[in-house]
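Shared chain: chain A. Partners: chain B in the first complex, chain C in the second.
Up next, the complex of A and B:
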């Protein structure tokens, strides 16, 4: 199936929206009518057809516009992409992984030809045709990680593995839920998770780290995370808080369905073979509440989850101030019917 | 979700005796494609079907990470061991098919190092062979000190000396030569990482002297795969699977669990990685801990066991497996 790429914006006039087909493939995160943290990790393999899990690195109708938005962010703030000197080899690992997986999963969109270290990469949606030498940074317009992640949706963190811990030593972060690579660069797993409430006390991070340290080559894993965002803004960064923080105050009963977006992160974890580093892509999917409720099960369940969530979590995820307005609006889509188990539409 | 690794079907394409104790085995992928990339220090687990017994032994990859047309391992024959090395030496022939795991690295280079200082003892040279190839390719700074019993048993010593020249320092026990560890460690610049792979005594000496000299733990790296020791047979109750098994004299507890058809997690099978850690429900007897993973307190508590290398003596051991 060839994808119709949309021309749309994630800032200023916010023309972003999801087609009906895109709504059906949205990675809805709630598998039951309530939410609490868990180590919700599973193998990233054998993805369901026509879902966001089908390909290793999902490409959807927003691809071209998201890559344009990333370029705008990087132009304004080059520190959104950083790589400590020892992470260059891991950057080549990332480039090789993404090019190999994308050209296999989407042969009509991407082609990689390779003879030894001589490579030819074609990205048709972005009209890129690049010859380069694997391992030679001078043959690419950017470093290897930056080069390929300017052509891949979602943020990418590159974690070095040392001393039984993971270290945020490289990444490209332009579509984030209020965290900063420039602040976290060089931190270990516990340091960058320090602001998360409740989960530390539950021992979640100890268990998650142990799992991640043992992720093996060819056996990627995934989990979902979620929050809410006002307007379809990809770049909700601390650096730009002055631009988007105020948006929360604009939520009112008459606009809540179009203003409030469920923001889901499809997080995957990949052992990188040449560097032994871990690649941690954080792919952001946005959906308006008015789009979400077109799937009746998702409307009912989202109402129940947000109504019953502990206040600490509503606060941490940043929607405490408009929670009541949102829950009141969602209640009209909850008829009290039972919902089926699992995340898929009924 | 159990972690674990994927499997690779390979052909044995070359077997070369290196000296009277060591043979080098070369593998290529059975389907002719390149093997997966790996990082220096990685090992693979080789599956050996020895009659009705399945042995799974880890071996460091020693071939260059830059050439994935083949993998190479070296196996030192251990006439007193449990039979894995004898199987490789006596039963495996060129043209045989084997199953190996994907590479796993539990002895990775710290790529921040301004210098990599490597100390090898005997067959502990193998992970360094791959690491040196990786480091040499990008011009990194490294130095290897390699201690062997004698010139005739010094596997690959001539080859690496010819290749890496003054970076290689050789020491022969039978000529009275020894690595002067404390002098070596005291003369290193800030930013140096030290790596040691060899017999237990050598690892302990390097780690304790480095710590005494003020080296931070993060700068000291070691790898020792313990061979599962043999011992008296013992009985184990596997509560979750509702089975009682007997662990044989030459069998590890992990192997006995697997032989009972239970899919237990593992990676290194040598007491180092922590993957097979298992909860002990009751213990009427004494556990014989042989791993590097659990702390002394955990060993004393009798609440955990690493079934890849540890054993038991007594009436009955009950595990949450």
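Up next, the complex of A and C:
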């Protein structure tokens, strides 16, 4: 099973699209016909074949182009990758974890050879062949966290654990749903979630934190989060909001199916062995509404969820202004049939 | 401690919004005060059982700002071991940094006055290795905010209006309640990115 990597863009001419096979493996987030916040954490372990959950760190057809887009963002704004001074050891933990898991899950794409601290890493899709000494930053072109996360899809946050809380003390964030690492770095779990409406009052974050503090090494967990994005733009950062915010005004009945994308974050949580930090990858998947409705169950259900969602959530997720246009378009794919429980296509 | 709500604590808000308490004389071996403008009154209102002994181990750094010399004689009358008045927050922060770098264990830090002063002094203290949770704070006087533009990263001082024009890049910013201790600023986000023709009138709400 070799992956055909696409050459495509997530900016300017937006040539991104999903192949029919990629649509089938999309991590659809709605397990029923309505949505409300919940502590939807579960083990990241079932590994369903040909799904986005099969590998520890999923690699898909967008890998090479996503890594190119990340490099462009970092060239423009180096503040998207930061690490507070006490987080270097955790960075080595991250490098080891990702290299080990990727070379095990995708031996045709990645190889890690290790003799003591002498390492040899081969990343075939990105044409990287690197010898380095584990623990010696001078043997890599970047710090360990930045080095390996320039080769892994999705954003990565490194959370230090102390005083019964988690602290956002390092990260690389170039595909985010409108939050700023530069502003939030150093905050605790409750502080960086402060702007989220409703969930605090529901006790969601207290319960989620309790769960996360207890995550054990070798037993990762995951959850999904979602929002909507206009155009297949990975870098919907607050830093650049004054440039992309105007995109919302371009949504019209005749283009809504191709303009509006469901943006799903596959969030996973990994306890790291040396630092006891938590690695928090936030992997972003994009799918056009016109691609989503090729799965009849997903078309019906997405229509119902977006039609019925509370106004403050539509506002927070940023689609209040074009919700009516989108729901009207989706309604033509909802024949009123019952949908089966769970997220899978059928 | 910081958990004590003061009458001056702003209305219910989001969790990253700082909360302030009332200054309370601790049992530490050294007491370091940093205050600006009406923050002086927070020090003067503090109940101190054995004042002469307490202030013989105290250092007060005070920036009068708009209050001129209104509080100076009262503060001087406390007979602190060290008393400094400075012309600006920036100058006082230099002194604070030096004082903390040579401080011993058992120093209690008290911050009183505007949010901008409290935030910036706390930032200096945290950079010196102090845990923000053990720093006493009391808000007095102006509610003007320090705002960081999320787009250009520039900081606009003493913001009293909503929205505000970024003093660096000129974008019209919505001032959020989301606050970063590390940057010592509230977050400002372009208010009309989705519709540049929307130019809401500025209202004085942080007084």
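Keep in mind that, in the parts below, the second predicted complex is superposed on the first by the 346 of 346 C-alpha atoms of A that agree within 3 Å, B and C clash if a C-alpha of one lies under 4 Å from a C-alpha of the other, contacts with A are read in each partner's own complex, and residues count from 1 in each chain.
Definition applied: contacts are C-beta pairs under 8 Å (C-beta built on N, C-alpha and C of every residue); 3 or more make two chains touch, one makes a residue touch a chain.
The shown structure was predicted, so the numbers you read here are calculated from the model rather than taken from an experiment.
> In the superposed arrangement, which partner chain does A:162 touch: chain B (first), chain C (second), both, or neither?
After superposing on A, A:162 lies in contact with chain B but is clear of chain C.
> According to the stated criteria, A:182 is in contact with first (chain B), second (chain C), both, or neither; which is it?
second
> With the two complexes superposed on chain A, say which partner A:275 touches: chain B (first), chain C (second), both, or neither.
first
> Looking at the overlay, what does A:200 touch: chain B (first), chain C (second), both, or neither?
It touches chain C, and chain B stays clear.
> Sort out for me which residues of chain C touch chain A in the complex.
14-17, 148, 150-151, 153, 171, 176-178, 180-183, 187, 189-190, 193-196
> Once bound in the complex, which stretches of chain A touch chain C?
79, 180, 182-187, 190-195, 200, 238-246, 248-249, 321
> Residues of chain B touching chain A in their complex?
Touching chain A from chain B are residues 1, 3-6, 36-39, 41-42, 65, 102-105, 108, 110-112, 138, 217-218, 267, 273-275.
> Quick check on the complex: what are the chain A residues that touch chain B?
Spelled out, the residues of chain A in touch with chain B are 41-43, 84-87, 89, 93, 96, 160-163, 210-211, 214-219, 221, 273-276.
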